[in-house]
Structure formats: structure tokens, C-alpha cells
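Next come two complexes built around chain A: one with chain B, the other with chain C.
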Partner chain A sequence: MKRPASRTARRRSRSWRDYRGYLYVLPAFAVYLAFAVLPALHTAYLSLFEWDGVTLGSWVGLANYREVFTDPALRGSVVNALVLVVFFSFLPILAGLVMTGLLALPRSRSGAGQGRRRGMSGYRLLFMLPQVVPLVAVGVTWRWLYGEDGLINETLGGVGLGGWARAWLGDFDWALVAVGLVGTWVLSGLCMMLFLSGVQKIDPQLYEAARLDGAGPVREFVSVTLPQLRGELAVALTVTTVAALASFDIVYVTTGGGPGEETTVPGLLVYRLAFSAGKVGLASALGVLLSLLILVIVYVVNRLSRPERSEP
Partner chain B sequence: MAWRRTTLPGTVLLALLAMLVAACGALTPGSAADPDRPRAVPSATAVPDRKVTLRLTFADAPAMVDALIAAFHKKYPDITIEPRYTQFADYVKSIKLTMASDTAPDLAQFAVGMDDIAARGDILDLAPYRDAYGWRKKFPATALDQLTGSGPQAASGRRLYGVPAGLSMTGIYYNKELARKAGITRPPRTRAEFDRQLAAVKKAGMTPLGVGALDSGGLHLWAALVNNAMPPKRYRDWVKGAPGATIETRRTLAATRKLVEWSRKGYFDESANGTTQTDSTARFTRGESVFLINGNWAAGQLSEAMGKKAGFFLLPGERPGARAVSSGFSVSYAISSRTRHPQAAGAFLDFLGSRQAAKIVSDNGFLPPDESAVPVPEGVLGEVARAHRRVTADDGMNHFPDFAAPDMLDPLRAGVQKLIAGRTTPEAYLDSLQDVWEDRYGGAP
Partner chain C sequence: MSTASRAERWSGQALLAVLAIAVVVPFLSVFLASMQPSGEPVVGMAWPERWSLDNYRQAWTVAGFSDLMRSSLLIAVGVVPATLLLAGAAGYALGTMRLPGGDGVAALFVAGLTIPVELIVVPLYFDLRGIGLTDSYLGVILVEIALFMPFGVFWMRTHFRTTPASLVEAARIDGASSWTILVRVLLPLARPSLTTLGVLVFMWSWNQFLLVLVLMQDAAKRTAPAGLGFFVGQNNTDVPMLAAGTILVMLPITIVYLLFQRSFVSGLLQGAFKD
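After this line comes the complex of A and B, so read on.
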């Protein structure tokens, strides 16, 4: 041991050191490979078959993909999912920003910069609650709220808008909006939490400088807070967009895709095609295309939100 | 060194890729049926005289199953049945795989999709037992007819894949008290009379017909109209996939138009499309509709909540005294082709036709196959039982329409919702159903 190591031995030990890092990654990588990568590849492989889930499948090449693009019901489901992006993504982010602006405002106005608004954790708990409740319970609750004798119709009746009352989830024009608003309710809290934590990292000097330049609270928010939240915005946009495009539980519990196909989303169809209709290949093809769509959107979001080079 | 550094991960990746390709080759989905497995039960019915344990997987009425198993065990102390309960929604999703596995249970509750399992040879053809045990006398013909598989050979009725324990049936409930307020004193005897009753209720300022169209209430109503329009044989040919069968006929079109007409005239609950069957039933018990489309499974609840106020009738035909028809299915059981004790399993199925089993089935809210074994119950339950006897006597029990194909349920449910909302035409609706049918059974010759 005390003998100086030979060149080759030194090289070996050095290379061992070089690769030891990979060894640490190996367990996580193996799990990832076994439970994420391989199933995904297997799904892509299955999408090339016509298979009922049990009997011997037959190779059909890209026929399943052709069907996804030509079947109006399948295409319609993708359009519905894109509409849901407005409710699952844009509205929650907007609501999150407004709430952040209101909650963070006194802090920046207080001069000290680090003063915390009283009851902050209470607000956090309140707005975070929808995230904690299981989505199935959320769906069941909202089905009651939207019901013909539900709270929403009762409220409308109470303020003299009884003519507007309807079975929201069974209405061809309103069902998708109603389902979308459930998503808005669930995801707004998440966005607000993200933005609030982001705001706390902003250098108070920026606010001070803005105030010296005579900026009001709105100007302050638009010129300082918003640009500084770029990273959080990107995360929120990514997470909520994926939630919209891959939505399943809320739709399954509230409308089951109805009325007609008004609220049918790809996630629901994948489930139905694979497990009820015995069309595993077609379901896989739809799943693969949905994943690709999500990847493209996430890539674009991340591309757009990358900070410009001039910024630190 | 640079060479090693770049290639070790590279080699690992290559190796992984190779493994993957190899794995893919072995991953050709599914497997062919084993030609050595028996396709039918043996004709001998002798029950083995040693200890035998059978496993039964099921999804409906756990209390009934437990009681049936206990009664059966008393009769055959050597045969023990181990029940395994699965929630219905999960059951229908996993049953195909369960029955295709080498550890398949000996007995399984019949469900949509069982016809595929039968075609693959995973459950046994019970025809030899039907003849040996004389099941044609013990069970209603329509109930057995629904269990003969699907596709071209099913129509012959030679095969049998399941035996019913409890039966179900749809129909129309009515609130006798509210009906009297609208001048209605008895169930309608023709469809036209029912039309007039709906109009009378509407005129009296009440909601005529509760329909839980958010789930399957709408398709039950449509099926009830079609049952009366289409000759049963042609309808059953369609559900079973007999070559050339079609749902696009002049009379089904008229039946579908009737549903649209009722909706346009405001005979349904305004929120039908947003109401589940459970909700529409609850509203009916609160007197928020005069009629309700539902099945015998709701009778117990309605009898309890409404007592003598609740009544039941079948949607009548065009002429008085027309054949009594309805939609229904059974809680029934099949035998796995992997079982080592087909005789013991057969003895259990035969037991389902006994008077003792009929009593248990009836106590649990189902209609027993042998109706003479139990007294006609009181109130609305009795009206359901009497209606069922008429349907059985008239050979008028049809399958639920979603039995036509595993993916027929959604076009039916969504289609009726669109009809109710006036978002599709009756022609386009029937066309969409026929498309699904042809996708499964092949186009018109």
C-alpha cells in the first residue's frame, strides 16, 4: 500500500474515481428505466399493433396513428384538452398573479421590505387546500355544486338570476366551461404558492429603486415583480399545461366525457379504448401522440421563458 | 484515457439498447389460445366424492353470493367455494386478463366482454350440462339465450357460456299519488296512451319523466322504445352480431324520433343530461317527477321510500295486448377452462336453478330464474315481479343494447344525450351505432 502505485494502477484508480459517480446514479437510473422509460417505449411499441389486451396481437404499422388523425371523436378530444388549457393554465396563473400582487403588496410598501403580512400562513393554507384534497373528492363535490339543486343554482336563484340556473354538467354549451372552472379552482392555489415563494426571493432594493423613480403599486408589480417571476411563471405554465392536456380524474368523475362528446379528453379516451373497448393499440397511439404534444408545448414554454443573455 | 471515458457509458447504453431490442422481440403482445385445453364441459355430471375447493370471482351482490355459497355448501359438504369480490368497474376491466391467466379462478361472474373470452376458449361451453341437467326447464329461455356467446355461431343457440342466478329488467316507475292529480288512474296500455299521459302531466305543471341520462338512464329509455318497435329476433340478431343485422330500420328510426319528440315537448326532466340514474331516482322519490325510467334494482329503494305510492309498468307497445318486452340481463356465472373440477362447478351452477337459490336471490332484490319458487311480494316489488313474469312468458327479454360491442356503451350514452339536447338527428345517431357494430362484426355483405 505504501509502495508507489504503478502507472496503470494509478490510471485504473483514477478511472474508477471518474466512473464512481455513475454508480451513485445507478439505482435511481435503474428505477427510472424500469418504471418510466421502458413502459413508455413499450407503449410506443404496442401502438403499432391491433391488440385487444389478451389474444395475440397483429402488426398494423402506423394504422392506429392514421385513425387518431382521421377519427373526428379522437381529434375532438384533443381540441377539448386545448380548451381546458385556458382554464387549467391561463386563468390559474392570472388568478395566482393577482393574489400574489395583493398579498405581497403591503410587504413591499412597508418600507422595511421584509415585513410579513399577518395571517399569511392562513391564506396559504386556504388557497393550497384544493391541492391537498384528492381530485376524485374534488370532482364529486363539484358535481353536487353544479347539480340542478346545487349551491350554484341556488345562489343564482337567490340573487334573482334563476333564469340562468341549469344542470351545468349536462349542458352542451356550458359543460366544458364548468369542468374547466373546477381545474381553475384546483390550480390557482398552486400558482399562487409558486409566485409567493418567488416574490420572497426578489431583492428589496429593486422595489426601493422603483419607488424612488415614483412607481405606484401597479407599476411596481408590472416592472419589478413580474419580470422577476419569469422562472416561476415557466414552472407554473408547464405544470398546469400538462395537467390540462393529461386531465382525466376531474372529467371522469364529473361528466364522464358527456354530454355527447363535449368534455371528452384524450386521457379519458386512452382509458376507455384500452380497458373497455379492447383497442390497446389505438389507445397507445393516442397516448404517444398526447405525450409528444405535451413535450412540444413544454419545450416551447421553456424556450420562451429562458432569460435573455443580458440579464444576470 | 479519453477513449475509455467516452466509451464506457456508451457501451452501457449500447448494451441497454440491445437488451431492449431483445426484450421487444419477446414482447409481441398477447398469446394464442392453447389448443390442448378443453372447450366444453364433460358430459358426466357426477360430483367427485372428495374434498374440493373452487374459487369464484364476482362483482355483484356480495351478500347474495355469500348466502348462495353457504346454502350450496350445506348441500354438498365436500365442496367449498372461496368467493373473491371485486368492484364492478374494476372487475370488467380486469376479467379478460384474469380468465386468460394460468391461475384463473374456477368460476367467474359473466360480464360484457365474456363473449371474447369464450371465443378464445378461456371459459367452457356448458351445453353438455344444459342437456344433462335439464337447464332449459329450470331457467327462462331468454335468460339462457343471452349467454350463448356472440358472432355468427351464437345465433344458433347451441352453445352456452353461463348460468343465471338473479335477473334484472328495466321499466317505468310512477308516482300514483301525483299521477292521480293529473287524472291518470292506471298504467297505460298503449304507447299512444302513455303519450297522452305524459302530455296530461305536463299540462298539470309537473315534470313528466325522470331520466338519468348522465349515465345510462337515457339508453334504457331508448332501448325501451326500440324493444317495442323492432321484432325481438331482429334486435337480438343485432346485439349478437349475426351477419347482416342492422339497427338502421324504419321502425327503430320512428322509435328514436319518439324520444326526440318527447324531449322537444319538454316531457323530460330539464336537466336530464346532467342527472345520474341515482339522482333521478332520488328526485322521483321526492315527487319531482311523475314517471321514472329505471330498473328492478331500484325497486327496493323506491318501495322503502314511497311505500304504496310507487307503481311500475313496462313501456307498452302500439296495440293493447302486444307482446310484453323489456331489457335486462342476469347475474350469471361461467366456468373457467382451466378448472380441474368442472363437475363440482357444474353442480354449483345447477344449484342456482333450485327453489332454495330462488329464495336467496329474491331476498337480495333480484328476480329469481324460477319465479314460482317465491311468493309474489307486496307493493311495487310485486308489480315488478308480475311484469317480469309477463315478459318471461312472452319471451320478451332483450339484451341491453351496449352488449352489442365492448365499445357500444359510449356512443349510446353520448348519442342519447345529443338526441335529448337536439344536437344530432335520429338518422345520424343510428348510423353512428351501426358504424361501431360494423367495426366489430364486419360491414354489410
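After this line comes the complex of A and C, so read on.
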């Protein structure tokens, strides 16, 4: 039997020891707080003001948010970003799935499922390279490929489609598509490698069971491969969608938002509004809304991708 | 069976080859352009008549890419070790100790995983200017560390949680302090995870654009991508030199990628996995 007093003392000393571990967390948390969390909150605060960055700002409540929704240029930038999602996200995922279906087929058919394709690691290295180099450099590269004397037009001319040649990035109908396809080029390899590595983790018995049920290659892909890749699909969807919505680098160096407002994206407008147009509050509101949009999409994707069995 | 599978294998190989060409051609095109005589217009993908590194020499000296690369390197060298140290320590505590409220703190870090630069860059400019940290390597370094910290802590915490608890227990019974356990027992085992985190952070730091564009108004302190982005606006008639600059900006990160390919691939595939 112990006296209550000593028990409390012991509990107190133990709890101090428990908290002592926070000394390891403190430096990381301090930097994170000071240079990421507080600036984010500061953005939210600034979004409630009209401020040119120099003189005294004035409180405007939610007027900046209203302007983001009503101003055609601002709303247009969000619409453009959503169009980019098609090119940054849907097309790479589709390409990745088609490739996975075609490449994984022989392996799943051959039973054991371990027929490693020859030279695959070399291909993997190459396909992920666009993901590794700076997007600015990628943008400059494509700016030149899309140029009037660029490779795209040269190739079109070479195959007798010279009439199609144009300054792609300056074309009102094609500029956004051209920028989007750069994203497709960057992200397809990543999606493909993600799915191919996911396929290797699938239990071969699932394929055998499907085959015993008389499933053909397509049925097999739809009823075994796709559901088993649920986790990888969620990752690909998250990463690529964020890349599209928060895009800045590629647009900045290829079109700068032009021609007109055809390819502006929220990131570009945040930069311009805050640092050239002197509309810091409006830029902040756009930044906040962009982040909320990203957060909602990430949340929904991860919610949907969770396996059905409920976890506590 | 054998003919069918052979046909499948061949169509697979052909498909891979086509995709490989699609990836290579843009890089090759820029490389060939960088070898053309300086200042001349370049059309399509022309084989240079004479191979020379003149454009690179010019980009390096006249266009100031040597300064740009040095700035990039300086920032990366500041960011990578600091991120590893801070994220490693925090991941260790949050992953192996039962901290009261530890899960909540970990969740706070995870919440930052999707913070886009766009959300923080505007006030950062005004706040850091106020304390003299714009046009400063230290300012960019601190912000980048903060930006990469959510992923770093998440990554290291995941790593430390998978190390067997018995290892830590045994060392604790032997009377080792938490610091000794980390340095003597856990760090040697964490090498692969730290390497992967290190190369990813190096890549993110090297490729960072918007942040540097805003925080570095001083042209002499811009990083390589920011300098290239700026350069595009000014010298876009001199395609060969621009191409040389582009190759120069891509070269260091490509070399690191090739040297650490295993860490990179596993990081991009798994790291993306938890994003």
C-alpha cells in the first residue's frame, strides 16, 4: 500500500518524462509553425483587407472572396485550372492504366506472376525523369518545341499537315491544350510506374481464381487489377490533381497566362495580383480558396479510396 | 501458348519503345539546339554541323549561370541536412515514444502536406522583408525547411514506427538514454530512409520556383530555375544559349537522380504514396 502523496509525485515525475520527448519535436515544430503555419494564417487574415502592400489597408470583410467568385478573370483562372486537371490527372492516369493493362498482361497470364520484363528498370528510370527535372526547364523545353520553328510544326510539315502548323502557345484555341499536354508528358510516367509497381503486389491467386471463372483478359483487368490498384489510383489522383490546381512554373514560362487570359491559373494570378497589381487582399483570398479546393479534393479522394471494411 | 505470349511480349516491347522515344525527344531536341551556333535561329531538330560547348561557356559566364547554380547549391546544402536533422528527431519522438497528445501533433504536421506555396508566399514576402530575410539565402532556406517538414516528419515517423519496438526496449533496459538509443541503435538502421528523404528534399529544393521568384528580387541571388525563368523573358531569341542554360539547370538534379536512382524511385513511388 502506498500513500496517495507519493503516488501523485510518481505520476508527476513520469508525466514530465513523457513530455520530455517533445524536446525532439520542438525544433521541427518551431520552424514549421513560424515559416509555414503562421504565414498561412496570415494569408487568411490579409484576405479580409484591401491592401496595396504599401499604404494602410482597410477592412473589407468577405468582399475579396465575393470578387473571386464574380470577377470573370479570377473565375476563369479557376476554370482553366480545372481544365488542366483533365490533362495533368485524367490523361496520365488513363495512359498509365492502359500501359499497365498491356504490360502486366503476359505476367498475369503466365501464372506465377513474376516474369520481370527485361530492361524494365532502365525504362522506369527514363519514364520518371520528366518528374525529376525542374518544371521551369520542362516549360522552356516545350516552349521551344511548340514554337513556330519548333519540332511540332516541323513534324506536321514533314507529314504533309503543314496547314496545321501554328504558334501553339499563342493560339486562343490551342494554348490551354498545349500547356495541358506538357503536364500529361510530365506525369504519365509517374502514374504508369505507380500502377506497375502496384500490380506486382497483387496476389496471383486472384488472377487464377478469375481465370477459373472464365474471365478473359479484359474482365480480369476490370474485376481484379483495377480494384486492387485502388490505393495507387488514389495516390495518382491526389498528386496529379494538386499538380494541376497549384500549377505555376509551366504556365509562367510557356505562356505567362496568355494569349489574353486563356491560360491563367490561380497561382499565376496570386503572384500577379500581390506583386504587380497591388491587390494583396484579393491575392490572399484567391490563395485561400485554392488551398481549400485542394484540401476538399484530397479529402474526398482519400475517403473514396479507403477499403470498405470499417476501421475503428 | 508460346506464340501468343511472344506476340504479347513483342507488342509490349514496341509500346515501351514508343513511349521511351516520346520521353527522350524533347530532351534530345533541347540538347541538339544547345549545340547550334550561338544566336542563330534553330529549326526543328537539326544535327549540329560542328559540336562545341560555346553556348555552355557563354551561358555559364555571360548569362551568369555560374552564380545561379552556386545559389541553388548553397540553398540545397542548407536545406537538406537541416531537414533531415529536424524531421529525423521529430519522427523519432513521434514514432517511438508514447507522447501525450503525440498523435495530435503528428496530425498537425500531416495537415501541412498539401499546403501549396501559393497559400504562404504573399505574407511571407512582407513578413520576411520586415526582418531582412528577403534577398537572403537564410530566408529561402528556412521557408523551404518549413515547407518540406510535414513530409519529412511523416516519412521519418513512418520509418521509426516500423522498427521493432524490442530494439528500443532492450536498449532502454540497458539504461541507454533516448539520445543514445537514437544515435547508436536507430540511426544506423534509418540510413536508407534518410537517404531517400535527403534526395527528395534536394530535388524539391533545387526545383523550387515561385518561392524564389518572390523572395529573391536580387538577380545575383536567384536560383538556377528562377534565373532560367527570368532569362526566358529576356533572351528568347538566342535559342542555342537558352537551350544550353536549360541543360545546365537540369544537369545537377539528373546526376543526383542517376547516382541515387534506387532511393529516388522508391521515394517517388512510396513518398507519393502517402501524400
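Throughout what follows, the second predicted complex is superposed on the first by the 285 of 312 C-alpha atoms of A that agree within 3 Å, B and C clash if a C-alpha of one lies under 4 Å from a C-alpha of the other, contacts with A are read in each partner's own complex, and residues count from 1 in each chain.
One rule holds in what follows: a contact is a pair of C-beta atoms (placed from the backbone, for glycine too) under 8 Å apart; a residue touches a chain by one contact, two chains touch by 3 or more.
Given the structure is predicted, the values throughout are model-derived calculations rather than measurements.
By the touch criterion stated above, A:Leu151 is placed in contact with chain C alone, chain B being left untouched. When the two complexes are overlaid on their common chain A, residue A:Gly53 makes contact with chain B and with chain C alike. Of the two partners chain B and chain C, more chain A residues are in touch with C.
In the superposition on chain A, contact of A:Phe275 is made with both chain B and chain C. Judged by the touch definition given at the top, the superposed model places A:Arg66 against neither chain B nor chain C.
Once the two complexes are overlaid on the shared chain, A:His42 sits against chain B and chain C alike. Judged by the touch definition given at the top, the superposed model places A:Leu103 against chain C, while chain B stays out of reach.
When the two structures are aligned on the shared chain, A:Arg219 is found in touch with neither chain B nor chain C.
After overlaying the two complexes on the shared chain, residue contacts for A:Tyr22 are found with chain B and with chain C alike.
Using the contact criterion defined above for the overlaid structures, shared-chain residue A:Gly258 touches chain B, although it does not reach chain C. Across the two superposed structures, the residue set of chain A contacted by chain B and also by chain C is 15, 18-19, 22, 42, 46, 53, 275, 280. The touching residues of chain A, counted against chain B in their complex, run 11, 14-15, 18-19, 22, 33, 38, 41-42, 45-46, 49, 51-57, 146-148, 166-172, 175, 255-261, 264, 272-273, 275-280.
Partner chain C is touched in their complex by these residues of chain A: 15, 18-25, 27-29, 31-32, 34-37, 39-40, 42-43, 46, 53, 99, 102-103, 105-106, 109-110, 117, 119, 123-145, 149-151, 153-155, 185, 189-190, 193-194, 197, 231-232, 235-236, 238-239, 242, 245-246, 248-249, 252-253, 266-267, 270-271, 274-275, 280, 283-284, 287-288, 290-291, 294-295, 298. Those residues of chain C that touch chain A in the complex are listed here as 5, 8-9, 11-12, 15-16, 19-20, 22-27, 29-30, 33, 41-45, 86-87, 89-90, 92-94, 97-100, 102, 105, 108-109, 112, 114-127, 142-143, 145-147, 149-150, 152-153, 178, 203, 206-207, 209-210, 213-214, 224-226, 228-229, 232, 239, 242-243, 246, 249-250, 253-254, 257-258, 261, 264-265, 268-269, 272-273, 275. Within the complex, the chain B residues that touch chain A are 1, 4-5, 8-9, 16, 20, 23-24, 27-33, 92-93, 96-97, 100, 113, 116-117, 120, 213-215, 270-275, 279, 406-407, 409-410, 413-415, 417-418, 421, 423-424.
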